[in-house]
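First chain A sits with chain B, and in the next complex the same chain sits with chain C.
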Partner chain A sequence: MEVIIIIALTGIAIMMAGALNKPGFSLWIAIAGLMLAFILNFRLWNTNLHLFNDMIVYDNFAVVFNALIIVSSALVFLLFHSHYSPWEKHLDEIAALLIFACTSMMLMTSYGNLVVLFIGIETMSICLYVLAGSRKYELPSNEAALKYFLLGSFATGVMLFGIALIYGASGSFDFHGITSYLTSTGNQTSSMFSIGLLLLTVGLLFKIAAVPFHFWAPDVYEGSPTVITTFMGSTVKIAGVAALYRLYAYHFAAIKPIWATTIMIVSALSFFAAVLMALPQKRFKRLLAYSGISHAGFLLMAVLAMNQYAASALLLYAASYSLATIAAFTVLVEVIEVRWDDELSVFKGMGAKNKFLAFALIVAMLSMAGIPPFSGFMAKFMMFSAVAESGYIVLVVFGVIASAISLVYYLKPITLILSKDESNSTNIKLSWEVIIVLVVTLTLTLIFGIFPGLLTGLL
Partner chain B sequence: MSSESLILFFIVAVVLVGGALIFSSLVPAKSFNPAKSEPYECGIPTQGKTWLQFNVGYYLFAILFLVFDVETVFLFPWAVIMKTVGMAAFIEIMIFFLILGLGLLYAWKKHALIWE
Partner chain C sequence: MENIILQLQSISINSYIWLSSILFIIGIMGVLIRRNAIVVFMSIEMMLNSVNLLLAAFSVYHNDPSGQVFVFFIMVVAAAEVAVGLALLVMIYRNTQTIDINFLNKLKW
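For the complex of A and B:
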């Protein structure tokens, strides 16, 4: 519990520091708060706390996913500090919103009650709507914020309707109450409950941008400031999938026949359709958006697997995906800063002058594509074997085909980087924050690729 | 899975909404009067354009007012159970006040309370 309180206090402190005209402290307050939370988080290992009448269940699943969320938020925060210029208005508010979004994501991984899940998702979404529009005077940023807000609030409404129907059928928001309702009916759900579950699923799938609820993702990712896109692409997606996993694998495991087909179709559609849609993309941000959609499909596989390997496969996949995404976006942020463009051609000949950036992007792309020795390979391997263990062989076959196709667009930037054409390459000077972010993400990508047991042994 | 009921649910949703719209456009007696499409302003004919830009200060004041409205909503149930819960309830509501007060302090420092 202290973890969530400390991170919320960090956000308040940053906001107050900004209001009291003490700018420049936000990075240090945030890093101190996040580090403290990270340490305290691991003190809760194996304690399995049930807080506030089971509103919050802080088990080991919550501990590891919150650690992952804290680390990737901290990396995004470093990136934010390096790339939002100090003369920009409302800098501390943006920083505080990032931290508040992080707080609400911790609720999403550790809820024991549908209301807490809703509060977590809604707080996170409101922070993100504002963050997407945080470059007030840029038209694309405004457009992204408006699109995200309209579609996102609609999805929230759908989700809330679903929660209301589940409450109507079972008479409880609490998962103990819902479970005892399910056992009392012998896992034969009433149609009201099924419809509620379906609507709740739709809302959650929207938040992680799974096909067919993905239409907002490329536009919003493209319009938002790139640092915020990094946040949406990495941390937000992990939190959403963790929430989905907890909902299905923990609380609705008994009624798997009801939801398994839906999740399987959504998962297959996500990775397959997104891979095909990513192929013709010319802009790197849109490409990463579609790649994020396809990874959402792969992450959903863990929800489906539901055996003893599923949670650790999900953890490894989420970690490697978020690290690779953060690394790729960091390189993109640096390039955009110089070239003001995210067409794929800006990478042409980058390898000659910016060796470190080029190396980082290559590692990120290879990890996302699932090439050994990077962690993406082990993650995909674990995920596929976990799903195959549960008997979804067809899904695995489709997954393998999709990730083979995905190589085409992951290798495209790499060939451009390594091309000899040096006409438009400029030397990019990296700030210390960016160097830290890249070193941490690349090292962890390599470490988790060679020793996946460090993560998979946890759950 | 009771998919029949699911389909039925969506059919009912579509029929209810669509039916209400169609029904309400078919049934009523129609009469046209240009005054009907004008914005209502106390019965007096409108002067000038109604698409005015409002001062954003109205919204700020409304939101700040709302914060303390919501505070009152929480205060009443708290006051009812304060005696039975005891000191813990008092401390918790004080933390709640502190957070709200910080919000007001923030708005104050950002000059939201000055009418420009």
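For the complex of A and C:
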């Protein structure tokens, strides 16, 4: 519990620091707060805390996913600081919103009650609406924020209606109450409960941008400031998938026949359709948005698998996906800073003058595509074997085909980087924050690729 | 107070479910059809309020206060959401001089 409180206090402290008008101060507060939370988080290992009448369940699943969320938020924060500080007036307010979003994501991984799930998702979304529109005078940012807001609150309404129906059927928001309702009916749910579950699922799938509910993602990703897109693409997606996994694998495991088909179809549609839609993309941000949608499909596979490997496969996949996404977006942020464009052609000949950036982008792309020795390969391998273990062979076959097709668009930027055309390549000077972010993400990508047991042994 | 609960329970729960479903669907139609951003906000509020009504009704029928407590949470969140939404709208109006959401078409595939 201290973990969530400390991060919330960090956010408030950053807001207060804004009043002191000392630029750069907020970075140190954030780093200190996040590091303290990271350490305290692991002190809760194996304690299995149940707090506030089981409103918050801090088990090992919550500990590792919160650790992942803290690390990727810290990386995004470093990037944010290096990119926003030169010209943003209200830096500390935006920084505080990032930290508040991080706080609410920790609620999403550790809820034991539908109320907490709702509050976590909503607090996160409200922070993200503001963050998406944080470039007040740029029209794309405005448009992304309003689109995200309208569709996001629509999804919230749908999700709430689902929660209300589940409450009506079972008479409780608490998962103990819902479970005892399910056992009392012999796992035969009334139609009211099933519709409620479906609507709740729709709301959650919307937040992770899985395929029938993905239409907002490319627009919002493209319009938002790139640093915020990094946050949405990596941390937010992990938190959403962790919330879904906890909902299904922990609380609704007994009624798997009711939801398994829906999740399977959504998962298959997500990775397959998103891969096909990513192929013709010319802009790197949109390409990464579609790649994120397809990875949401792969992450959903873990929800289906529901055996002893599923949680560890989900953890490894989430970690490698978020690290690779952060690395790729970091390179993009630096390139946009110089070229003011995110067409794929800006990478042409980058390998000659910016060796480190080029190397980082190549590693990120290869890891996302699932090429050994990077962690994306082990993650995909473990995910597929976990799902195959549960008997979804057809889904695995489709998954393998989709990741083979995805190679086409992941290799596109790599061929451009390595091309000899150096006419429009400029030397990009990296700040120390960016170097730290890239070194950390690349090292972890390699380490988890070679020793996946470091993560998978945890769950 | 007991009297009120008894009176409320004399109407069958199905009527409440139908009423809030209809309100919810009106809200959805409003979001999908109307083009003025403020009317879209109002439709979203309508969706949230239909959920509030449904939760309060269920709360009475289950004799369980937690449903009504959740209504307060929804109200707080909806208020925060509308504050953010109207701020976004003011920001967009300053930049484009319009709040018609059809003008938001700069970002496309």
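Note that the second predicted complex is superposed on the first by the 454 of 459 C-alpha atoms of A that agree within 3 Å, B and C clash if a C-alpha of one lies under 4 Å from a C-alpha of the other, contacts with A are read in each partner's own complex, and residues count from 1 in each chain.
Assume contacts are C-beta pairs under 8 Å (C-beta built on N, C-alpha and C of every residue); 3 or more make two chains touch, one makes a residue touch a chain.
What you are looking at is a predicted structure, and each value in this text was computed from that prediction instead of being measured.
K.L.:
May I ask you to decide whether A:142 touches chain B, chain C, both, or neither, giving the answer as first, second, both or neither?
P.N.:
Once the two structures are laid over each other on A, A:142 reaches chain C alone.
K.L.:
Quick one: is A:172 in contact with chain B, with chain C, with both, or with neither? Answer first, second, both or neither.
P.N.:
It touches chain C, and chain B stays clear.
K.L.:
Classify the contacts of A:19 with the two partner chains as first (chain B alone), second (chain C alone), both, or neither.
P.N.:
first
K.L.:
Let me test your reading of the model: by the given contact rule, A:191 touches which partner, first (chain B), second (chain C), both or neither?
P.N.:
Touch status of A:191: first partner only.
K.L.:
Mind telling me which of the two, chain B or chain C, contacts the most residues of chain A?
P.N.:
In the superposed model, C touches more residues of chain A.
K.L.:
After the superposition on A, what does A:394 contact: first (chain B), second (chain C), both or neither?
P.N.:
The answer is neither, since A:394 touches no partner chain.
K.L.:
With the two structures laid over each other on chain A, which partner does A:222 touch: chain B (first), chain C (second), both, or neither?
P.N.:
Second partner only, chain C.
K.L.:
Examine A:133 and indicate which partner it touches, taking first as chain B and second as chain C; both and neither are also allowed.
P.N.:
Second partner only.
K.L.:
Where on chain A do the contacts with chain B and the contacts with chain C coincide?
P.N.:
none
K.L.:
Inside the complex, what are the residues of chain C that reach chain A?
P.N.:
Residues in contact with chain A: 13, 17, 20, 24, 27-28, 31, 37, 40, 44, 47-48, 50-51, 54-55, 58, 61-62, 64, 66-67, 69-70, 73-74, 77, 80-81, 84-85, 87-89, 91-92, 95-96, 101, 104, 106-109.
K.L.:
Which positions of chain B touch chain A when the two form their complex?
P.N.:
Touching chain A: residues 1-2, 5-6, 9, 99, 102, 105-106, 109-110 of chain B.
K.L.:
Okay, in this complex, where on chain A does chain C touch?
P.N.:
Of all residues in chain A, those touching chain C are 115, 118-119, 122, 126, 129-130, 133, 136-137, 139-140, 142-147, 149-150, 153-154, 156-158, 160-161, 163-165, 167-168, 171-173, 192, 218-219, 222-223, 286.
K.L.:
Would you tell me which residues of chain A are touching chain B in their complex?
P.N.:
Listed in rising order, the residues of chain A that touch chain B are 12, 15-16, 19-21, 189-191, 194-195, 198, 257-258, 261.
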